Structure formats: structure tokens, C-alpha cells
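To start, the structure under review is shown below, and the notes come after it.
When the chains are written out, they are named A, B, C, D, E and F in that same order, and each has its own residue count from 1.
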Amino acid sequence: MRRGFYIGRFQPFHDGHYRVVEEIAADVDELVLGIGSAGDSHSTHDPFTAGERIMMIRQALADHELTVYAVPIEDLDRNAVWVSHVQSMTPEFDVAYSNNPLVVRLFEEKGVRVEGSPMFERDVLEGTEIRERMVRGDDWAALVPDAVAAVIREVGGVERITQVAETDTSIDE
Amino acid sequence: MRRGFYIGRFQPFHDGHYRVVEEIAADVDELVLGIGSAGDSHSTHDPFTAGERIMMIRQALADHELTVYAVPIEDLDRNAVWVSHVQSMTPEFDVAYSNNPLVVRLFEEKGVRVEGSPMFERDVLEGTEIRERMVRGDDWAALVPDAVAAVIREVGGVERITQVAETDTSIDE
Amino acid sequence: MRRGFYIGRFQPFHDGHYRVVEEIAADVDELVLGIGSAGDSHSTHDPFTAGERIMMIRQALADHELTVYAVPIEDLDRNAVWVSHVQSMTPEFDVAYSNNPLVVRLFEEKGVRVEGSPMFERDVLEGTEIRERMVRGDDWAALVPDAVAAVIREVGGVERITQVAETDTSIDE
Amino acid sequence: MRRGFYIGRFQPFHDGHYRVVEEIAADVDELVLGIGSAGDSHSTHDPFTAGERIMMIRQALADHELTVYAVPIEDLDRNAVWVSHVQSMTPEFDVAYSNNPLVVRLFEEKGVRVEGSPMFERDVLEGTEIRERMVRGDDWAALVPDAVAAVIREVGGVERITQVAETDTSIDE
Amino acid sequence: MRRGFYIGRFQPFHDGHYRVVEEIAADVDELVLGIGSAGDSHSTHDPFTAGERIMMIRQALADHELTVYAVPIEDLDRNAVWVSHVQSMTPEFDVAYSNNPLVVRLFEEKGVRVEGSPMFERDVLEGTEIRERMVRGDDWAALVPDAVAAVIREVGGVERITQVAETDTSIDE
Amino acid sequence: MRRGFYIGRFQPFHDGHYRVVEEIAADVDELVLGIGSAGDSHSTHDPFTAGERIMMIRQALADHELTVYAVPIEDLDRNAVWVSHVQSMTPEFDVAYSNNPLVVRLFEEKGVRVEGSPMFERDVLEGTEIRERMVRGDDWAALVPDAVAAVIREVGGVERITQVAETDTSIDE
């Protein structure tokens, strides 16, 4: 039995994430998806709550035979203890999948095996693109699994990000 | 579709919890299990990490047809914001199941529907009893699902609680 | 112009507090009432929110000619920085009134003038007595100003403390 | 009896804020002024402590017949629990006044009634303008109530913002 | 070159600690002394600030040829990340010295070598005894190095613990 | 006996810091070096842990006759309590050395004597320059004491900063 770990903010969980999961699925029996910045929501950078992101992941992968654990990871803002924090919140894993140099470095310094892949690199761009399309009123649904689009509609996600995008100051100016 | 919420520390997830889940399962289509005090571990009161408790829950309910979400909830230590914190970390739920008067009060003040049951009351006693049996070397495995016993053995849980039970001072006296 | 400072948890603001304020009023032109443990609520030790305690104080002293500032002070749990924390959250004051030896010590180490009075000592007992009467269903209203009793009734305070008093375990056992 | 809520950083409380309060005063019997980012001070963006800002508000509105509560709100940095945090720190209110899209969204998702007004929009600009004038040595006092100017002078506010404005690095570079 | 680690609250640094350091000194070239609960002070359990404890350690070991690092460790209240926290705040060490079962367990789970000794066990008792003697007015100085007694006198330590020992309620009752 | 205080991030401790220490050494008997942003590490702005920075300082000043205390100071992000925080973590000092206007202001408002010097100003530039040279592969070692270069090589510092410099997104995008 081999269990992998893959972290993302999943704002939202999109087709790029889905392809990464599929690629990792060929290597592992189970996969832990760490939902990063779990406490952040209601901003253009992080529109969805951790609970909403859990729904996206579970619905998008419902028919996938891979056993998936979707686990919120709250920010600690201490790089030096981040690996221990992640390990305490998640089922034990054998390998972490990442192309993020900081994540790779932190895991390697703690002796965790890390694997990367050129495919991962497109993820970031897609998240930003999708959120910008939501704000502009363009077609974002084409870039996410159908189940994710349904979750976003159910929670009024497009309305939310469009509204908070008009904010140009802090909450209390 | 109806989704319920049930919170516990699940130190460990035991037969009493299992029976509660079965009872709730008759009422709901999906169930969110909030893993309380998620950041606590390695003490006699809270021996297991959140990740280990996720494993217990998932393994114990693997063959159950109910859709279950096991979600760690870190302590905020602010009763007045606890409901919002829970709601942000979990998929939206229609009803919370609890017999804990504080939990009932907090949910009701925020307009969340709560249901109780006499069956729930035995949970707390069972958790304490199981942890004490572990420390004393008595038979604890009879009180938890087989899958949970397997997880506890895999992570060396009995060794851990037995060792930390010898601590009678704080970490740094 | 002379401004005083007096800290309490005010759970609730009762006749003993009122008499202390009256005594201090003879010495100062303005009084800052620091509402301690501002983040705590919904427990038998701390039933009321900071906002509810602000209401109690303002209503109880509405007809008093003394200028009063009721300011919530969230716990920092660092004795060594507590005085600076209080000073940053409150209008500048010339003298602190307290009989609490820890409070006296902390202020004096930072060079703040402190004055005490035997009258202050009954406060603590009264707060505990009032909360116990609420839980037992005895007459608590006789020990608080009428305006405070009205606030407590308006927020359902007796119901709340009675309900949470039944809790004998943590929020998530 | 109708109570309103209005949040700002009030760095400092200026004529724009005063006009907003006057406009709201026509609609409500009491007004809670939430002092945002209460823990921030001694920077060009947030020069004044919460205590100093309480003084500005109380002095500026001393002759106003509206009952005003000036309440410091410390940052929680969790949008999803922000409304509960505000509600726990303040007297209960019926309506929040805001034109900030994020604030409006957060309140509306929690079922709090929100009202806006074109007049509010000039607030932000005025705060920035006043702080820049202080640093440049230009006339800032014309943009704040006289009582606020007096408070700023008493605490040495212009000296402070001028001095910290020379800082171009973090506290410990 | 071999570097050891030894953690204590050092409230105060006493003869028992001194003997432990001497025993460890036979095994290592350098020793890191972690000052636990660094943020706690001004209570009967933790009377001295981290800075005062640094002084005690440095003065008591000034003539010792062992290279000693006295490093404050603030509480994180997360056992699962405690080892990473300690490692990030201290020079890298080869072996941790402890008889505290929790400390031993936490280090061992992270693969850090731990060594114990029967001599260590008297430390805790001595700390409590010394603090009680200070409060009772008995001879405490006989149980600490002369240099430590001098530091305690310089900071008014006996006065401080005697004063706060009279506190029987929280800071803001 | 006169003790000074000087704060820096010391990322890394370089020749500019060394010269400042030498200049201050002419005025004091002992010097406390506060290691700011102690919890930050593994970024291009803050590559080294507090423990690694302690090593740099102790090694670089090992042969210096000045008594030096290297003390990590974790960020509190509250300017108004920063001085109290520093004072609680450090041995008592008579004078703070700084050219940072914010640091000077904070100390002066709390009545701490501050002294500056034109020489201090080059520090910041040198820290940035050194970190950029590390990333670019240029000669950085010429700008730090030999002992510091040895520490950086021992912990793999150049590899670390080079690796994390490739990160252009947050840890969990």
C-alpha cells in the first residue's frame, strides 16, 4: 500500500488539478489532498471556504476509484514547522508530489521523499485564469470538472468573487 | 439530500461513536464528522493526531454506504465564533447532532437546527475508559471497531499513551 | 483632568462594581472600565460576550455624570506585555484602581500609579455568587443594578448559563 | 429602538467620518462604531492606537445627542468568522452601514441587514490624504473635527507619523 | 564536536540544574539550554521572564568551560510540531538529554537521539521547593548558585513572587 | 556595568553588523543582540532559522572579549507592545542602538534611551546584496566574517536560498 500527498489551495479545484490527480493515481493506492490556506476565503485570491473546497474535491473525484482524503490545512506561517504541521493533520504518506521549490525544500530537509512532474506547472496559471474569468463574466466553467461547477453555483461562488472584487481597500478603512 | 454534522474528539473513534453514526445514518444522506481539538496529540487526554483519527474514521466506516466527511477542526478558544469556524471548515450541513449542552446552545444561537439522543451520552465515558485501559494494559480493543484497533497498532498508539502517561509535569519543567 | 482605570471581567456588572465606580468617581473626572477576558463567553465562568457587558455598563451608568469608557480587552496570555496591551487599547489614564496583587505588580513594574481600597475585595465573591444563583434558579437580580438585570433578560442570559452549566465535558468530547 | 453599526479604521476620525455619522444618526437611536485593526499602530498606514482613536471619536461626538459606542475590533484575519467576531465584541445591532463590498458580502451571508450610501465613498481617500499631509507638513487639521486635532496634538501624533515615515525597512532589518 | 540539548523552565536555575549540566558536560563539547515557557512570567509557577532566566544561566555558568547557548523557547501548544519548533530556534544538536517521558517520546518519534539519567529526576521538586520557600520567607538561596541568587535579588524576584502569590483570582475578576 | 541592545534580522550576520558591534563595544560592557523575525526562515528574505543565526553570531564573535547575548525575538505584529515583548525576552539593558526610525520611536515612547550612528545605515543594503549574490551565484563570502561563511556552508544555506528563490507562488498554490 502506497499513499501520496499533494497540496494546493484549490481555489477552485480545476481540470489541471484533476489531471495531476490522475497522473499520481497511477503511482499510489491512496492520495491525501491537503487544502492549503484553509482559513482564507471571501477574497479574489481565495474565494472559497475550506468546506466548499472539500465538496469540490469529493464531488469531482466521486467516481474515481482512487481513495482520496481531502484535508484542510490552516496556515501556521512558520516554514520551519510546516512539515510537522502537515504530517500531524494528515494520514501518514510515503511520498509528496510537488513542483513548488519551497515545498520540495521543506519536505526534503525533513527527509520526506518528493516527486515532481512538468505537468504540475500549469496549475497555478489555471487557478488565476479561472478566478479572473469569474470576475470578468467570461466562461470559467469550461476549465473545471462539471461537479465543481455545480458546487460553485450552489454556493453562489461567482456572485461572491464578483462582489468582493470591487473591494479596493481593507475590511475596515 | 440531507447532510448532518457530528463533532467529537474521537480519541479514539470507538464502538459508541460507531453506534451514533449508525443511528444518524437513518436520518441523513451524508454525514460530516468534525474532529475536535485537531491540533492536540501525544497526551493521555488526546493521544492521537488529527491525521491518525481521520484514518480511524475512514477505515471503520469504509464498508458503510453512508457518505462521510472526516474534517479536522482546530481549536479557536472563542465560543462566540466557534459555529462560524466549524461552518467554514465543513461542507454545508442541515442539522447538527449533539447532546453536549454547550454545543447545542452555540448552534441554536446561530440558528442551526440541533437534534439529540440519549444514546450519545455514553460516548464520553467510553473514550476515557479506553484510554485508561490502554495505560493499564487492559483489553481496550474490545471497545473499538477492528479497523480502529489496527490503526492504533500501526501507529504504536498504546506505546505512545503509556509513555506519555508517565509524565507528571509540563514539557519543560 | 484626571482619568482612572479599573479592570474586571464584569460577568456580570453587579452592585459591587457599581459601588467601586462610585467610590472612584470621587477621585477622577473620567474612568476607563477595561472589560477583561473579552473573547470569553458562553461558559459558567464567563457567560456574557464583551458586547453584552458593554451594554450592562453603559446602561447601569447612563445617569451617572462620570464620563465612562467601557473597553473590551482581549486576553494576550503574556503577563510581561499585559500593561502595554491595556495601554494601547484604552485612553491614557493617570491611575489604575485595583486590589488584585498581580495587576498591582504589573502596573507598578511599568511605573503606573496604582490605588487600592478594601471595598474592592467583595467584587469577586459577588460575581461567583450571582452566576451560581442564576444556575440554581435563585434570586440573582437583587445583586445587580436594574438596568443590568434588563440586559441579562433581553439576551436570554439566565437560559444560556443554565444550559451551558449542564456541560461537564469539553466542546468536542 | 434601532441600533446601527459602522466600521472604520479611523486613522484618524475625520470630517468624512463625522458626516457619515450624522447621516446615519437620522436613521438610528444608537450607533456602534467599530474601530478596525485595533491592534495596529505606529505606522504610516495606522499611526494611532485603539485607545487614541476611542478618544478622538468620543471627543468629536461629545456634544452629539446620538448614543455612540466606540469599540476596538482586533483583527482575526479570517473573513469567514469576522461577522461573529464583530457581533461578540459589540452591542447587538439591527443594521450595518457600509459601502465596502467585502463587508457588505460578509454581513449579508450571515443574514445581517446592510445599508449603503454614496456619501461613504469619500472616507478612504480622506484618511490617506490626511496622513500624507501630516508627513509632508501640510495643513491636515482642516480635515478633522477640532476635538480630533486636539487629541492628535496631545499624543504627539504628527511627530510620531513623521518619524515612522522615515522607516523604509521592517522593524528588525 | 558533539552538541547536546537540555530543556527546562529554569524557574529559577538551581543547584539541581547545575549538577545536570555538569553531568552532561562530561559527554558534550557544547550544550544548548532551552528555556521553556519563555513567554510566561509574573506567576508563582513562572515568576521570572525569559530574559531574567538567560541572566541566571549565563552568570551561573560563566566560569564553566563548557560552551553554553541559553535560548528562550516560546510555547506553541502543539505537541506534534514542538520538536520542529525547538530545532528551528536552536543550534543543531546531536543528542537531547531528558527524563520527561513526553519530551523523550516527541524527540524519538522525530528520530532525535535521547539520553536520560536518574539524576535529572530531582529537578522538578527542587524548583517547586525553591519557589515555595521564597513565598514563605524561608531560605531559598541555599538551593541555587550564588550568581543566581544575585540575579534574583537584583530584579526583586522574591518581592515579585511574594506579591503575586496573594492573587487568588484571574487578572481581571 | 553598562549593557546595550541591538536588533537585526541577521540574514545573515555580515561584516556591516560586525562593524556595528565593534563600534558599540567601545561604549558598553555587554551587548544583547536581538534576532528579529525569529520564526521566519526558508525564504529569500529570511533564509536562515533563528538557531542558525545564533550560531553565526556566536562563532563570528567567539574571540571578541565583549560579552554577547544572542536572543531570538519572535514577531508579535503589535508595535504598541513590541518594547515590552523585547524587554521580557532579554537581559535588562541600559541603552538601545538603532537608526531605524520606528524602533527609535517605540523605545523612546517607553522611556528607553536610544543612540544612533551613521555607520548603521549600510546594514540593510548589505543583507539584501548578500542574499542576491547567493542566488545569482556571485561571491557573497567576501561580505561576511569567515566564521559565518562556515556556518552557512555547513547548513547548506546557499543551496537552500537558491532553491526557494525559484518559488514564485505561495506554498500551496
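We take it that a residue touches a chain if its C-beta (ideal position, glycine included) is under 8 Å from a C-beta of that chain, and two chains touch if they have at least 3 such contacts.
Source: prediction; values computed, not measured.
Provide the labels of all chains in contact with chain B and in contact with chain D.
Chains in contact with chain B as well as chain D: A, C.
Examine where the copies chain C and chain D touch and state whether the two sides share over half of their residue numbers (same) or under half (different).
Looking at both copies, the contact residues mostly coincide.
Mind checking the centre-to-centre distance between chain A and chain F? Centres are C-alpha means, answer in whole Å.
Chain centres of chain A and chain F, defined by C-alpha means, are spaced 36 Å apart.
Would you mind pulling out the distance in Å between where the CA atoms of chain B average out and where those of chain F do?
Centre-to-centre distance between chain B and chain F: 45 Å.
Going through chain A residue by residue, note those that touch at least 2 other chains and give them in order.
Residue numbers touching two or more other chains: 39, 41, 49, 78, 80, 87-88.
Thinking of each chain as a vertex joined to the chains it touches, would you call that graph a line, ring, star, complete, or other?
It is other, because the touches fit no line, ring, star or complete pattern.
What pairs of chains are touching here?
Chain-chain contacts present: A-B, A-D, A-E, A-F, B-C, B-D, B-E, C-D, C-E, C-F, D-F, E-F.
Per the contact definition, I'd like the list of chain C residues that touch chain F in the complex.
By the definition above, chain C touches chain F via 76, 78, 80-81, 83-85, 87-88, 110-111.
Which stretch or stretches of chain E touch chain B in the complex?
Per the touch definition, chain E meets chain B at residues 7-9, 34, 36-37, 73, 77-80, 82, 100-106, 109, 123-124, 127.
Which of the residues in chain F end up touching chain A in this complex?
These residues of chain F touch chain A: 39-43, 49, 160, 163-167, 169-173.
Touching chain C in the complex: which residues of chain D?
Per the touch definition, chain D meets chain C at residues 38-39, 41, 49-52, 54-55, 58, 67, 69-72, 74, 87-92, 155.
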